[in-house]
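Chain lettering (A, B, C and D) follows the sequence in which the chains are written, and residue indices restart at 1 in each chain.
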Amino acid sequence: MLMKSEKSTEAAAVTASTPILALDGITKTFPGVKALSEVSLSLFPGQVTALVGENGAGKSTVVKILTGIYQPTEGHIIVDGEATRFSTAQAAADAGITAIHQETVLFDELSVAENIFLGHAPRGRFGLMDWPEMVRKSRAILDEIGAEIDPSHKLRDLGIANKHLVAIARALSIDARVVIMDEPTAALSHKEIQELYELVEQLKTQGKAILFISHKFDEIFRIADNYTVFRDGQFVGEGRIAEVDNDALVKMMVGREVDNIFPTRTASPGETVLEVDGYEHPTEFADISFSLKKGEILGFYGLVGAGRSEFMQSLFGITKPAGGMVKIDGTAVSIHSPADAVGHGIVYVPEDRGKQGAITPMPIFQNITLPSLARTSRKGFIRLAEEFQLARSFTERLDLRAASLDTPVESLSGGNQQKVVIAKWLATQPKVIILDEPTKGIDIGSKAAVHEFMTELAAQGLAVIMVSSEIPEVLGMSDRIIVMREGRIVAEVDGDDMTPETLVRHAAGIATEAMEG
Amino acid sequence: MLKRLVTARETILLGAIVMLLALIATRFPGFVAPGNLASVFNDTSPLILLALGQMIVILTKCIDLSVAANLALTGMVVAMLNVAYPGVPVPVILVIAVTLGTIMGLFNGLLVWKLEIPPIVVTLGTMTIYRGIIFLISEGKWVNSHEMSDPFKAFPRAEVLGLPVLSWVAILAVVVIYLLMTRTTLGRAFYAVGGNPHAAVYAGINVGRTQFWAYTIAGALAGITGYLWVSRYAVAYVDIAGGFELTVVAACVIGGVSIAGGIGSVIGALLGAVFLGVINNALPVINVSPFWQLAISGGAIIIAVALNARANRTKGRVILKRAEQAA
Amino acid sequence: QDMRIALVVKALGIGFFEAAAKGAEEAAGELGGTEIIYTGPTDTTAEGQIEVINSLIAQGVDAIAISANDPDALVPALKKAMDRGITVISWDSGVAPEGRMMHLNPSSTELIGNTILKLAADHMPDGGDVAILSASATATNQNAWIEAAKAVLPNYPGINLVATVYGDDLSDKSYREAQGLMATYPDLKAIIAPTTVGILASCQAVTDEGKIGQVNVTGLGLPSEMAGCVESGATESFAIWNPIDLGYAATYIAHELAAGNAAAEPGASISMGRIGAVTLDDTNTGAMSDPFTYDASNIEEFKSIF
Amino acid sequence: MSTSSHFVPDRLQSPLARRLKSWETLLLIVAVAIFIANSFASPYFLNAWNLSDATFNFTEKAMIAFAMALLIISGEIDLSVASIIALASTAMGAAVQMGADTPTIVAIGLAVGLAAGAFNGFLVTGLGLPSIVVTIGTMSLFRGIAYIVLGDQAYRGYPESFAFFGQGYVWWVISFEFVLFAVLAVIYGIVLHKTNFGRAIFAIGNNPTGALFSGIRVARVKFILFLLTGLMAGVAAVCLTSRLGSTRPSIAFGWELEVVTMVVLGGVNILGGSGTIPGVVIAAFVMGLVTFGLGLLNVPGIVMSIVIGALLISVIALPRLWNMVRRP
């Protein structure tokens, strides 16, 4: 770790101008966790500062402190040279700080205009809210970011990408000097990401200070001026982005060298385990047919919102398909619930770990044994010793880090939570494992572990389906790739066809047009 | 604009009420005479007042089972006050009733906000406590009509523009709460807190404090209803409005207020209360055995919930182009 | 003190029973060496009374005199009390014969039935529609009186009983039922409410509808509570027996039985102190006295007494 | 795979240590304190027959509370239980009028309980409606049906042998109801804490979506819990009807809130996800002891309910208040 003195010299090198906003020795403790330990950070007008760090490094915690959602345990926020603290989100907004948070934090039942202006709505006579004015202003902001959304619609009628645009509009509706973006591109499509970049440029020219958080390095190198690195809640270093390269940044983040190379594997697929034929749903997907062999990793690529998760969840028995057939080991099976799917050896590691993947308030061992309780019990009666034994065998295999097996899953970091979910499914000895965005929001170190593990599973003869929106990941891990667009399979590529260009073309629907044109 | 104010659900409910009235009219035309409708409305006014308060509380993902006990305690206190000091003028009584009700609501709200005790537990507890306090202060005795002063009893009955004051209070409350809910920051905060408490924090809304305000408003409404109730029925005793809390919740639910919070409207709660009021008033009139009353209102609640759930079912998103066009 | 008598009422806080408790204390004073435990549930439920009975059994009281919320449901609990050597009588609202040693009716059922109808008929020289507003549908005494009233209906030509409704002894429900009656039967001439809650609520409803003089409210009520109604003219007259006497008599009888001074058997005559003696019929039931009618002429005198 | 595996212990705290710090321990202390206070307050308290009589104050409600505890832990609630009692009791009474014998009567009571539970279960799991409002509706509906059938009448004339369930004694002062209560407590304790089914209930209560995604048949489990709750209301109906020897539509009025109070006082999280049967058992005793002790002093029932209400809030509030005072 860098010393304090080094930090200050580096900071001096960053810029001559004074920061609009700075964090000074901020510490934040949660019961049992020290999320931040005396970190500092400076933001300058007209510049983008990238905040990078592994999962759980404390990036979002900093955002929450800056926006008044959390109060620091120690330390101060310095605005215009004055030490202060924000006791509510309102106080932060009043100080000119606005944020696009990592989660979309909006209200489905309220109108778009209200979502944008809740908390700072324009007032009319008698201090009552002025609806027409609010709608008018909302429309202006939405137009500005190029979003075609009717401000009087209810938010719940919007798609996920439009919701993110509303979140962005909300952030812009506050006349801010500091704009914070916590992984803003995670849910956006390629086109929208480009528009976001333009917006950032525009904000820069308006002299606003921008804090940009992302796990995507290409993005960081493209738009950031400065960087700040956190590791395990501690400040590690900062500097100008132009003076650093990819490897150096990664090294600062994880504290060691990481070869960002996907594990090499020799695919030796066995016989066919899974066949899907003509799967369809009234509104979400249609004509899904493919097959999967033992020991194979099948990638599913598509833009966010292509309907991959919906199809996988339908295959897993969550939503009812309108038609289609599934065969396991050559025999047709009917799957009406996840319990049926598990019974037939199909398991699903969902995208949303906290809600769908784990029962987070329950202990680790109970989460792991939940789907395989039949094996650790006699006639329906639980046997604790066997339960612990089963849990232990898988947590050891996955190198889980936890205080004990009876601590609740919610106390674990994201990566370790993902390990619990995977362990839970491996314990059922499945034939097919579906991993939906298995490394989404997971830091580089844990990511490599997950990849390595997937490779091993395939080598052991498990059939793996991996849904991913990250091109390097799909390309690096898959034996074969299916591309989906608007609920349909548009291509299946393997071998030398597996290039970023083909994937993007198919996913965006350019391929066919190009051929026709 | 109009479309947003009157959702389909409320139109359906209004239609149901009109149909119900038409049906009753075929058997007993006198029921739909304006005079009688006014008296049905007057009779429903206490339910409307309480349903408005309950709606706000439910919107914030809470529930208030203590409203009826609050009403009864406030009613008893003002009745005993009237007996002890018959000279105290009605406006003072009103202020006292509202204050008392507010304090009780505030107490619920504090327990929910500051100690984070689940709302149903808090109000289950305070419900029995408030009722018990009535017994303690009254020693179980009733305050009867002849003990109350005439002005005390006259207030809810006094007619203004052909309608009793009781009805006017309900109408006033509907208007005020409507403005509160649609045109003030606090009103929108109720929706925000119930719709997505997590996001509310990010929008600078203090969830606990908003819930606290919801309870306080519900308490104030229960307080004023407490005075109106005892003066209208000219009696106060421990058990008045016993079990009424569930009728109030039922009115909200029939009116389309989602028990999960975040969804509901003033017009909905009003119509829900009126619907129950019409049923309660009509059954004896059209000679339906009083023994059927309970089962009928139970059936109405179940049907209303089922219909509301259907209306609220999220359409899900449409990925397929074909389906999008069809939709 | 050597004898403890429990006076169990339908629910605490009802004026009628408070008056009865006064009478019980009076009897205890007269008898000497007697302690009265005045108790009951807070709402008129059988389950509530059973819990009260259980705790009285546990305390080993000498006698229980109960006005029952349900004639049947209390039987097992009261049987248990008798098995443990406790004298059990019912008064006002009775218990099925196997659950008590005797029952003291405030008056004879037939007489009450006739009285409530007569009170209405007396002010309807031309006949017309009347309706009955009762307490809860499970109240035995109410039902018996209503039956008795119906039985003598033919003696009152021109009087037409159009409906019987239930206000559950809740004032708001009773009020609404009374309003419903007036709406349904525009020609209604009288509402008969043989319950103190119902008569008050009906009176209020008639007053609020502006139908004083048109609809006469009558039935059973307490002078202290009814004074206003008589004054306003909503009620011409009503009847009641003296609840103080009733509490007095019940206590006196319970004492006599528990002390072994008398036995509860058909034909027996048991002393009721200053009131006289009650003679039991073959269901071990006796009547205390005739109901007494109150109107504008005597209400002033009684309203401060009970 | 990784070679330097970290050692993760099974447990940090022994189960005994955890139990000592639990809600049940706190509640048990309260129960013992009330017991001691009662024996000082009234000379009639420490008497075998009196204590036996006192158990009737809570045994029937507690039977329902066991099933209700499971239901609440799973994140649902049933407010119609008291009305199910009325409905089941009415059906039993009707059967008596038709000359049914004791086994038939009991079977009918239980069957009606099951059917009512199934109806609730269908509305909640089949149609996906929120249980709190559904059961507010069926609460009126079920009792309403009892009123339609019975009106102002009562059913009586239950056979002699039927009296055993609510009035019979198994041995000395030990009543049949108390034995049934104890047996059910053990069964429910085992089901909740020692079986896969119980584990599924906790999982569902903590995170229904997560449970579904873990292969648990969430709707089926919830349906079974509604069935069980209905069945227990049927059992309570048999006991109560037998104890009263007659049926009125107003039977067991208002019991639903007492049952819920018992469950919550027993430390079950009203929002679902946690709770224990031993907690509910102790809560049943606490409520029974408070009502009986105060009853012996001839304190009116409503004052007892203030005590229960205050107890309910304070046992939850005190630890939190304590934390608030201690921390800053």
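Everything below uses one rule, namely that a residue touches a chain if its C-beta (ideal position, glycine included) is under 8 Å from a C-beta of that chain, and two chains touch if they have at least 3 such contacts.
The chain lineup, named per UniProt: A = Ribose import ATP-binding protein RbsA 1; B = ABC transporter permease; D = Autoinducer 2 import system permease protein LsrD.
All values reported here derive from a predicted model rather than from experimental measurement.
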Longest centre-to-centre distance from chain C, chain (CA-based): A
Take the average of all CA coordinates in chain A, do the same for chain B, and state the distance between these two points in whole angstrom. 44
Using CA atom averages as chain centres, what separation in Å is found between chain B and chain D? 30
Cα centre of chain A to Cα centre of chain C, whole Å, reads 74
Multi-chain contact residues (two or more partners), chain D: 151-152, 249, 254, 300, 302
What are the residues of chain C that contact at least two other chains? 12, 42-43, 137, 166
Where in chain A do residues touch two or more of the other chains? none
By the document's touch rule, what are all the touching chain pairs in this structure? A-B, A-D, B-C, B-D, C-D
Residue numbers of chain D touching chain C in their complex, please. 42, 44-45, 47, 49-50, 53-54, 56-57, 151-152, 154, 156, 163, 166-167, 240, 243-246, 248-254, 291-292, 295-296, 298, 300-302
In the complex, chain C residues that touch chain B: 11-15, 18, 42-43, 137, 163, 165-166, 170-172, 175-177, 179-181, 183-184, 186, 197, 200-201, 203-204, 208, 224-229, 303
Residues of chain D that touch chain B when the two form their complex: 79, 123, 127-130, 132-134, 136-145, 147-148, 150-152, 249, 254, 257, 260-261, 264, 269-271, 300, 302-303, 305-306, 308-310, 312-313, 316-317, 320-321, 324
Taking the touch rule as given, give the residues of chain B at its contact with chain A in the complex, in rising order. 4, 179, 182-185, 188-189, 191-192, 195-196, 198-206, 262-263, 314, 316-324, 327
Quick one: which bits of chain A touch chain B in the complex? Just the residue numbers, please. 67-69, 88-93, 101, 103, 105-111, 114, 118-119, 121, 127-129, 131, 152, 156, 159-160, 281-286, 305-307, 310, 486-488
